[in-house]
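Structure below; questions to follow.
Chains: A, B, C and D, in written order; residue numbering restarts at 1 for each.
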Amino acid sequence: MIEIIVFGVVFVVALGSSLAMLFAKNAVHAALFLVATQIALALAFLLEGGQFIAAIQIIVYAGAIMVLFLFVIMLLGVDKKEPLIEPLTGQRPLAIGLGAVLAAEMLWVAWRGIEFAAGGGDAAGRLVDTNQDPGNVLAVARVLFSKYLLPFEATSVMLVVAIVGVMVLARRMGMTTPGEVAAGAGEESDLASPGGGATG
Amino acid sequence: MDLSWLDAAIFAPLVGAVAVAIVPSRNLSTLRLVALASTIMTFLLSLGILVDFEAGTPGFQLTTSLSWIPEWGVGYKTGIDGVSLWMVLLTTFLMPLAVLASWSITRRAKAYFIFLLALQTGMTGVFSSLDMFLFYLFWEATLIPMYFLIGMWGYDRRIYAAMKFFLFTLVGSLLMLAGILFLYFAAGDNPTFEYQALLGTPLALDAQRLLFLAFFASFAVKVPLVPLHTWLPDAHTEAPTAGSVMLAAVLLKMGAYGLIRFAIPFFPDAARELVPLVMTLAIIGILYGALVALVQKDLKRLIAYSSVAHLGFIVLGMFVGTLQGMSGGILQMVNHGLSTGALFMLVGALYDRRHTRLIADYGGLARSVPIMAGVFLFVALSSLGLPALNGFVGEFLVLVGTFFGYRWWVIPAAFGIVLAAIYLLWAYQRVFHGEPATEANRAMADLNVRELVMLAPIVALIIFIGVYPKPFLDRIEPSAERLVQQLKQSSVVPGGGVAEGP
Amino acid sequence: MEMDIPRIELAGIAPEIALTVAALVILVVHAVLGNRFSTWYLPYLATLGLVVAGALAVIVWDVNDLQLSGMIALDNFATFVKVSLAVFGLLTVWLGRDYLTRDRLEESEFYALVLFAVAGMMLMAAAADLIVMFLALETFSIALYVLVAFKRRSTEAQESAMKYFLLGAFSSAFFLFGIALAYGAVGTTNLYSTGPEADSLFRFASAGPSTDLDLLVLAMGLIIVGLGFKIAAVPFHAWTPDAYQGAPSPVTGFMAAGSKIAGFAALIRVLDAILFPLRWDWRPLVIGIAVLTMIVGSVLAVVQEDVKRMLAYSSIAHAGFVLVGVVAANDRGVSGSLFYLATYGLTVVGSFAVVSILAGPGEHRTRLTDYRGAFYQRPLLAGALTLFLLALAGVPVTSGFVAKLVVFGAAIESGYWWLVVIGVLASAIAAFFYLRVLVVMYMQEPIEGVEPAPSGGWLANGVVAITAATTIVFGLAWGPLIDAAEHARFFVAGG
Amino acid sequence: MRVAPEYYLSLAGLMFVIGVVGALIRRNAIVIFMFVELMLNAVNLAFVTFARMWGHVDGQVLVFFVLVVAAAEVVVGLAIILLISRNRGSSDVDDVNLLRW
């Protein structure tokens, strides 16, 4: 019963904030609505037995990533209204039409597509059991470091790529004269650190 | 490695092209001489083909078969029969003359000769390929050198003409490529590109129709049949002399050759069905080409349209389904190559002297350049089919063949000959008779030694074929007979739509 | 529930590891040594890494295995793609060396990012699990976003990087949602069954219409959309012209060759191997995309005035041609597509090498009018570009022709002759713009008073020579390559 | 009493669609990027929902990967956006016309 009530709240908040993002004229407002959505989703994760995920959703997403967003928005001072001219004639109605079709498809599949018994039996109950013993974090860790070992390692490479990339980009910001050849990787850049921070 | 004279003749020009590439580009006369020597060498090699060729047998001779891409059933397979024999010889015969006709090319001569020699390999290869992959390779390989020859050394509207030529031909040949692929997979479990293995591939009638049209698209553009001919006047007019010569004398024949070598034998049922259509197009071509030629002001354009008319004759002969028609059509391919080639060379000689192609700019030349006038008249007479000259033999055979096959179609065809007499003689009269329009015409120099050397072999052959065509017909007829038979065979399988695929 | 650590078998990812190590070594060594000793050794390190990676990929030829808990497929299909990628990477590094020293850009990061990108692309080709595929895709995409913005002080380049990035992230989200739905449908993201009772996408797809497929079909559609962005298929191509134009030419060549083969490798594996039983569901979508891609790519290329932009549209059109092979979904289709991608990659890297040299320092000369009379100023480069363009147009004697032949052949074998007719007509349209370049280079005179660009270094010229040679060789003696492509089979359980 | 997965999925689907529409119709690069993040959030919800449906934690692990990817993307993406605004000398990052050919 609690799940139904909380889900109702989550549903309204998540969907409402997402819609509000669409209509927010101000980038800061949009970012804040996104934060609201993410917090609502964290609640949904809790409802569905994903405690660990719910926690990192708040910490990484709402915490690190969105802070970075807001930081950049503030830095650029884009707290102003967007021009409402259509970028490409008909792009807006086209996008909305496409969205409507996609939404219809999604809903139809959501209600038609999963009728077959996934996994059989009381699958959700099994997850509850897992979360009791050995507990959600341990269960996630076990799967993550066994079955998903390779993807886990792959993410580390990806993060290195992102860090190297940001270093390159950051060096392009300070550049004033073309003759100033970058002095190699030893020259640490301030902007490289958010890359590390967000992933930590 | 069992290579024949044929393979040597195909690749000798490439060796020549490499030799030309080595010569420093400043050294114009050496470039010319190397190119000339290479083409003459090739011609001598091709005489070896003539020696080795046995008259009276219909099949392919001097065949070479090498494995190339066994994974896809592609082989290097060459060989010739009575049809391709004369096409190959026509090519190798005209090539040294085309090089001689290129003396006026002084700008970027090195690239010019390389392209010209590459073109020769492509043309010879087309006529001797017995593997569809190889054939397509050579077929397209003629396209690029010709494109550059027109585009780089042509006249004012050369870029337009080169683009048009390339794109028209490419669309056609790409459709043919799709057709070749379809045929390739239709052949059975062991797909192959080999020509003789593909003959008689059973196909449903509607598949045959589509495939015939795909091949026909490619060849009809090349021939060209009205209404696909519009690239031809531009390309012929804008090309440099040697380009026009090779284009008219050989490249157009590739289309007619493709029709009888591939389109008809592969899809005889569809071909039979479409004979009336093709013949109608041929007749339209004869009349249309002649009528349009009548009103041309540009000498090269006039000859270009005369080609449309002549090729109409050739295709007519090939599709009437009689031995005379087929042999006449094949012989006429040679004849047209000789006479039209010579006409283009003469116009090129005129252009070199006066830098204009307009008929109105000339007049009264017979007095200043009597030899040239004489040769021009002679070649024109050959082209319009005067008895005792080569054109007569071919056209007469075509008309006889048409008469046996489709009696009433002879009338428009014969009318075409009359028109040819009118436009050619009228053009001759306007250019060489009357009062010289300008001082330049009065002071024009007659044919020099080089030009005489280049025209004399053609003149000799024109007379030879006109008087004594037997050596030619002896070799053509067995193959022609077989081609006529192929039109009468059937390879249709009942049922099975094309939609299901092979 | 005890943890079962997977057997650590590294054969499947050895090339990726080698590349990662090489990239890190390059970064660290350069960071330690700085610019004190010049940077001549960096391209050698990168070359070494790529050669080792290629060799490590080759030695597992004919091994048929799943490794690391079924995350990596060790099959000839992956090997073929990996070797091609190693070659593209090598050419890019060599070309990049020339470009970077000319434009005085930092080298170590460039090589490192290229190596990382190659590693990501290789992983994508070998991925036997959708999540690995996704991570690999993100790895090389991130590297490419940065590489596109690599030019210094070029707002144009940076804007194109942003556009590439935004659309790339957008498409990733589609891909990811597709993965989520596939996971929902099957309960795993794995493509192959690792054990007798394990579930996999393949097993599910093979079960046929008895199961409810709606979820999977939608997932499939979203995955196709996501990968469609990477291979630059219409209507997901909007980033391509800008990114290709804005990126440094070596990077553009690398994107066109590597990104395409990696994206297609994933697409082919998912569609032609895993979801083959569902081909009647995905074929209409892929056919539609293929037709649109061929036609739009060819038609829009005709009106371009910038050579790089034109080559971008040409690369879009080529994606359409490869899709024809994907649609065929037979053995010849797979091998033909691989052949196409490998030879197209070499040709396109070569064309961008020429473009890079002719564009001069700062890459200012890429407009069509800048190529006027190029043949008379740089005959060999112009000749090579001619060869590449003819190959792209599919003219015989070049590898491009054979590539079209095998792909179209596969489609005809599957009965899609009408798709082939559309394809050949599109390539005829496409020929028009290649001819335009030839016209400008050969049939127009150079502009008076404009100095030709300085000639490229020996490395860049070497890249041009190598790619030109392969373009000819694979056009005439294409037997060995098509043979290898035909042996590039997918992993088969128990096979 | 549990809420059926259909409801969660509907929410995920709708959020995803809003993300798509927003990314297509907005013009500010940062805002477009936020909509992409919204799409990724929808994906996370779908993963978690399916994880419960199948009764194992694999889906939750996948969310972890999505988060890492999102973080890496954000870092690079925002760096590019910052770079442009710096080089243009203004904060004007509007007019990202994504569908221009």
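Basically, contacts are C-beta pairs under 8 Å (C-beta built on N, C-alpha and C of every residue); 3 or more make two chains touch, one makes a residue touch a chain.
Since we're looking at a predicted model, the values are computed, not measured.
**Student:** I want to compare two interfaces, A-C and C-D. Which one has more contacting C-beta pairs?
**Tutor:** Between the chain pairs A-C and C-D, A-C carries more contacts.
**Student:** Suppose every chain is reduced to the average of its Cα atoms; which one is closest to the average of all protein Cα atoms?
**Tutor:** Chain nearest the overall C-alpha centroid, as shown: C.
**Student:** Any idea how many Å lie between the Cα centroids of chain A and chain C?
**Tutor:** That gives a centre separation of 28 Å.
**Student:** Between chain B and chain D, what's the gap in Å when you average each chain's C-alpha atoms?
**Tutor:** Inter-chain centre distance comes to 64 Å.
**Student:** Between chain C and chain D, tell me the centre distance in angstrom, where each centre is the average of that chain's C-alpha atoms.
**Tutor:** Those two chain centres are 26 Å apart.
**Student:** Rounded to a whole Å, what is the gap between the Cα centroids of chain A and chain B?
**Tutor:** Computed value for the inter-centroid distance: 68 Å.
**Student:** Residues touching two or more other chains, restricted to chain B: which are they?
**Tutor:** Residues: none.
**Student:** Multi-chain contacts in chain D: which residues touch at least two other chains?
**Tutor:** 9, 12, 16, 19-20, 33, 49-50, 53-54, 56, 58, 65, 69, 72-73, 76, 80-81, 83, 87, 93, 98-100
**Student:** Going by the touch rule set out above, which residues of chain C reach two or more other chains?
**Tutor:** Touching at least two other chains: 131, 135, 138, 142, 145-146, 149, 153, 158, 181, 184, 187.
**Student:** Which positions of chain B touch chain C when the two form their complex?
**Tutor:** On the chain B side, the touching residues are 68-72, 133, 136-137, 139-141, 143-144, 147-148, 151-152, 158-159, 162-163, 166-167, 170-171, 174-175, 177-178, 181-182, 184-185, 498-502.
**Student:** Taking the complex as given, what residues does chain C use to touch chain D?
**Tutor:** Going through chain C, the ones touching chain D are 131, 134-135, 138, 142, 145-146, 149, 153, 155, 158-159, 161-163, 165-167, 169-170, 172-174, 176-177, 179-181, 183-184, 187-189, 238-239, 241-242, 300.
**Student:** State the interface residues of chain C toward chain A in the complex, per the touch definition above.
**Tutor:** That would be residues 1, 3-6, 13, 20, 24, 27-28, 30-35, 68-69, 71-72, 104-106, 108-109, 112-113, 116, 119-120, 123, 129, 131-132, 135-136, 138-139, 142-143, 145-146, 149-150, 152-153, 158, 181, 184-185, 187, 211-212, 214-215, 218 of chain C.
**Student:** Inside the complex, what are the residues of chain D that reach chain A?
**Tutor:** Within the complex, chain D contacts chain A at residues 1-3, 5-22, 24-28, 30-31, 33-35, 37-38, 41, 44-45, 48-58, 60-61, 63-65, 67-76, 78-83, 85-87, 91, 93-95, 97-100.
**Student:** Touching chain D in the complex: which residues of chain A?
**Tutor:** 1, 3-4, 7, 10-11, 14-15, 18-19, 21-22, 27, 30-31, 34, 37-38, 41, 44-45, 47-50, 52-53, 56-57, 60-61, 64-65, 68-69, 72-73, 75-78, 82-83, 87-88, 91-92, 94-96, 98-99, 102-103, 106-107, 109-111, 114, 118-119, 121-127, 130, 136, 139-140, 143-144, 147-148, 151, 155, 158-159, 161-163, 165-166, 169-170, 172-173, 191, 194-195, 198-199
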